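One structure, pasted below without further comment.
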Amino acid sequence: MTKIRIGIIGAGRIGKIHTENLLRLPEVEVKAVSDLFAGPELKAWADERGIRTLTTDSADLINDPEIDALFICSSTDTHVPLIKQAAEAGKHVFCEKPVSMDIDQTEEAIEAVRKAGVKLQIGFNRRFDHNFKRVREHIAGGTIGEPHLVKITSRDPNPPHRDYIRVSGGLFMDMAIHDFDMARFLTGSEVSEVYAQGSVMIDQAFAEFGDIDTAVTFLRFENDVLGMIDNSRKAVYGYDQRVEVFGSGGSVSVANDHPNTAVVSTSEGITSDKPLHFFLERYNEAYVEETKRFIDSLVNGTPLAVDGTDALQAERIALAAKLSQKLNRPVKLSEISELRKQVTFAH
Amino acid sequence: MTKIRIGIIGAGRIGKIHTENLLRLPEVEVKAVSDLFAGPELKAWADERGIRTLTTDSADLINDPEIDALFICSSTDTHVPLIKQAAEAGKHVFCEKPVSMDIDQTEEAIEAVRKAGVKLQIGFNRRFDHNFKRVREHIAGGTIGEPHLVKITSRDPNPPHRDYIRVSGGLFMDMAIHDFDMARFLTGSEVSEVYAQGSVMIDQAFAEFGDIDTAVTFLRFENDVLGMIDNSRKAVYGYDQRVEVFGSGGSVSVANDHPNTAVVSTSEGITSDKPLHFFLERYNEAYVEETKRFIDSLVNGTPLAVDGTDALQAERIALAAKLSQKLNRPVKLSEISELRKQVTFAH
Amino acid sequence: MTKIRIGIIGAGRIGKIHTENLLRLPEVEVKAVSDLFAGPELKAWADERGIRTLTTDSADLINDPEIDALFICSSTDTHVPLIKQAAEAGKHVFCEKPVSMDIDQTEEAIEAVRKAGVKLQIGFNRRFDHNFKRVREHIAGGTIGEPHLVKITSRDPNPPHRDYIRVSGGLFMDMAIHDFDMARFLTGSEVSEVYAQGSVMIDQAFAEFGDIDTAVTFLRFENDVLGMIDNSRKAVYGYDQRVEVFGSGGSVSVANDHPNTAVVSTSEGITSDKPLHFFLERYNEAYVEETKRFIDSLVNGTPLAVDGTDALQAERIALAAKLSQKLNRPVKLSEISELRKQVTFAH
Amino acid sequence: MTKIRIGIIGAGRIGKIHTENLLRLPEVEVKAVSDLFAGPELKAWADERGIRTLTTDSADLINDPEIDALFICSSTDTHVPLIKQAAEAGKHVFCEKPVSMDIDQTEEAIEAVRKAGVKLQIGFNRRFDHNFKRVREHIAGGTIGEPHLVKITSRDPNPPHRDYIRVSGGLFMDMAIHDFDMARFLTGSEVSEVYAQGSVMIDQAFAEFGDIDTAVTFLRFENDVLGMIDNSRKAVYGYDQRVEVFGSGGSVSVANDHPNTAVVSTSEGITSDKPLHFFLERYNEAYVEETKRFIDSLVNGTPLAVDGTDALQAERIALAAKLSQKLNRPVKLSEISELRKQVTFAH
């Protein structure tokens, strides 16, 4: 069997996770890794895993004729140029979210991929989570009838460092974008209008960069389904990732995952351990699964689970949310092209 | 011991519940009941309970010098005139919600009560529910630090009859008003701005009367806390009444009450019984408790748990929500006096 | 309507509970109360409730021709003589458990009742609990197929006073007897063999009186179903009352009831309040229900929910458990008549 | 780094699981596999995993000087001779449970290992389960004070094939032996006395071979802690593996793991998916963990998590349970040497 040969661009935390998961697939060889800061430590890491090439230049991977597909795990501003170059070089692409903070750029990347006839999967890993998949199955299978309401809770255990806040693109583009994708994934419907509000409740660093740390977003879908999302940058009890969908035939909801099921009863009360701490723990298996699905699409031609259009739509919702929060009024997705000419963001 | 003598105006379902609960209090005598449709059946009911007077005219109760306090359980349009008459006659009043669908009228009722120096408690029964009281205790006690987000789910098991829909005042004034009061009760803060959206997903009768059956409402509080409420007129699995408050130190949430804790495991899955069916079952003890608190205020001078101002504030939020939904824009509470001059509602 | 007239013998905690519950039934008059220690406080209590007669002599009630039925809530040693006297006087009897610690005596009481043609209901209140009733419904309705295993957990929040320990009849006769009745109630089957073991883990006062405070009991039913019961006199987290029945088609289990559904998530973990504290809170509604069922049997001739034979069978299992624990061997119910001639107990 | 070289004896389901888990450890090489029925399919499987040697003769592995340790995953009757041979060849051993159905044989194996100075870990995988580890941590950490009661539920989703029933050693030695080990693990105490009862409720094949399919076992520990275990060969809702430990300071319990947290509410009730189906799903991570712990002991000299004595003690409890069930009386562990001379078993 000829193995699929993969190149990894960007060997930070998420790049390493994808590498480890790819190494568990017998039909895959991780041939090369590029990272701007590749040093002895990364060299040792690559050697232990039998990765042949380590370079600081992503072009080495893009130009390597042996490489079939690239995982783009570098910073967001590099995504679009790298997708274009990869597409031109005829390589399939797995790209982390968001593709870009500029929806025109994202459209260009999608167009490049389309022209080249290569595949592009986006790292919306939560679609592969065992809980959210089960919710989707119930909705698609009609368990709860026609959906009426979608509620998503998405809270991080700790705010990012201020250096990250500065360049993150803001809560809606950086964090809630996962939830916007989830809303589309669960309902199978498109959003038509957005209203968002935010506050700075946790850390004034967010205010400093024109950002917020606590937000609520309202979505109206084209089929009149209503959606609600709440986000916080700091839930002291851990990563909080829940959804509920309510419809004509009932509701389905998922709670957090916990490290164990132990319940302690003492004279003080009934206690259990906090949820799994953060995305690495909670979405561990989802990362494995999304990698499998991408490779499966390359090997067997199965449809992509998340493609460039999914990235674009989530980014459009995020932009609408940013505009809505800034203008304090509901924003239709059909208005965003016009509105963003009038509005400038600190981030 | 001289007993407190009570008159009940309106002996429908809720009037009867209050009567039964009052009869269990040793310091109370239910002396008289008035109901427009008093007939032989109601006569038998009153006799069995040792109630001395049954009349079709509420004035008989208002003018009875032996009666200390009145429970106003008649239709909403009668509340304000009855409160004024009762206040002038020097009688304390327990009035069902809403006091009025016109906030000017509610203000007049409050003023009448203030002038007469009598007490007015409003039937926001959910404040007395064991679950919501516990949430309030945790927030007031600082368990979750400073609140950041309040989420309220409030769904009925079945829509009302179309005759009721026609005069209900609409989802926000009739149903969500309880949730607006809950938001104020839980946070101890005032709402400054509202945004509401609605759909007709369940029954076209709602559309016919310019009403909606599914709604989401966003609240911004004066202290920047954000609130989200979702309402549905039909949850097929039963009455769904939950809240979650999230803050700097964690979160507190309450689930529905169930008729039993039985869990059945079969080859089909794990199953338990639906929540308590509707408000009579769920808030059974809350009705007892609100009655006790009112009587306690009369007998011992303890502060009222819910007064006229609480009614007014909830009505103002409901009006803002109606305006917001109609205008599809966020509405500040400071705008409602002006805006309602410009907007007319079907209901 | 002629009311059923009731006399209460023994106005301790449980006698007062039955009285309050009877007072809520429109078809009942509590005419008289007898208590050995009737004083001014009890007089005031009776007056407030409109009870006409208060006496120190139970014979006054037994001989009162107006009284239809007696609630025997006095100490266990008085049960059998009082049942016999009541039966001879033609009065129906509700008697607290156990009828007697001597199964011959219990048989005599049952015989007296049978001869007189009066009704005898036993205070196995847990049969009327909403949770256990639901388990029984599932088993009777075939939800879990043929039962294979029955597991009962029954733990008190605090051990009784040493004065009570001395005369209690021991853990099996005083406390586990409820669980023996529950095992019969849930399965609808008879026990054929018992094995019991115990330890003193909590308080040496139990050892002093030849008793134990921690016990496990195995039951074999005539149809080969196996049962397991665990008892403790002290669960620091509150009253612990759960059952699970496992069968060919699945299992059904019930958890404890809690005062509210609030769940608090903080950096320390996830916490909720302890279960309802003790039997008065947990079985509040069950006490109401058993009273209703007894009155209903008197008024409408419906079958008794728990009769004298149920008392006898539970006592026989308790005796087998005592014998088993003392002899450290399984004891068949068919052996107990013979074995108890050979064994003497400290209690 | 020199890698630890492993040989796998027996490449059935469990042998393959250990192999996969070992292959994920960078410090390990799986050099050789022996299996009586090694054919082309197993050859392909071994080749894909880079395993150099595949043989039908376990002696090839025992005599291979390059191999450091052996995983004995063949049938129970081969365990003791293989352990002895491996020990004599100076190889460390990981052996599946039980070591033997004859405790004398187990003692001989332990003695051989002791003499040779090699390590022997037993495959009591449940000690490594995330839930049971957490229970043990709470007990060891004093969260629940002094233990009083231990309750273990252990039910399989489906009975084994009749060919397996015939040679299994019976429910106590084959299935409950895990629970006997769990009881020792959780309490850190030794069992002194056992009482067991069983029934055939599921499949007459068990009766045919003198076995049972439903059992309850009572344990008394040397420190008077009481234990209860219930076993069934068929829980239609899936693998049921729970424990509860109750003590002076409270209790700790663990529920089953589920494939997701989805809860569906419909007009029929509240439903969720069944627990993880069987041991491969439930103990997936525990198998990984036990392998790591064994390798860690070889590489870094950390203490073994489960050694030969643990196997012996669990087997002695299982033997006591078999004797008790046959004789229908409690059996002390000190009696088993004598009693088994008098009793013969069908299996």
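So that you can tell them apart, the chains are marked A, B, C and D in the order they are listed, and the count of residues begins at 1 in each.
Basically, a residue touches a chain if its C-beta (ideal position, glycine included) is under 8 Å from a C-beta of that chain, and two chains touch if they have at least 3 such contacts.
It should be emphasised that the depicted structure is a prediction, and the values quoted were computed from it without experimental measurement.
Visitor: On the document's contact criterion, could you list the chains that touch chain A and likewise touch chain B?
Guide: C, D
Visitor: Comparing centres built from CA atoms, which chain ends up most distant from chain B?
Guide: D
Visitor: Which pair wins on C-beta contacts, C-D or B-D?
Guide: C-D is joined by more C-beta pairs in contact.
Visitor: Using mean C-alpha positions as chain centres, tell me how far chain B is from chain D in Å, no decimals.
Guide: 59
Visitor: State, to the nearest whole Å, the distance from the C-alpha centre of chain A to the C-alpha centre of chain D.
Guide: Computed value for the inter-centroid distance: 41 Å.
Visitor: Measure off the straight-line distance from the CA centroid of chain C to the CA centroid of chain D, and report it in whole Å.
Guide: Here the centre of chain D sits 42 Å away from the centre of chain C.
Visitor: Residues of chain D touching 2+ other chains?
Guide: 235-237, 249-251, 265-267, 273
Visitor: Of all residues in chain D, which touch chain B in the complex?
Guide: Where chain D meets chain B, its residues are 235-237, 265-267, 269-274.
Visitor: If you look only at chain B, which of its residues touch chain C in the complex?
Guide: 24, 26, 48, 130-131, 133-135, 138, 143-144, 249-257, 259-267, 273
Visitor: Inside the complex, what are the residues of chain D that reach chain C?
Guide: Touching chain C: residues 146, 148-149, 151, 155, 195, 197-202, 214-216, 218, 220, 224-226, 228, 230, 232, 234-237, 240, 246, 248-251, 328-330 of chain D.
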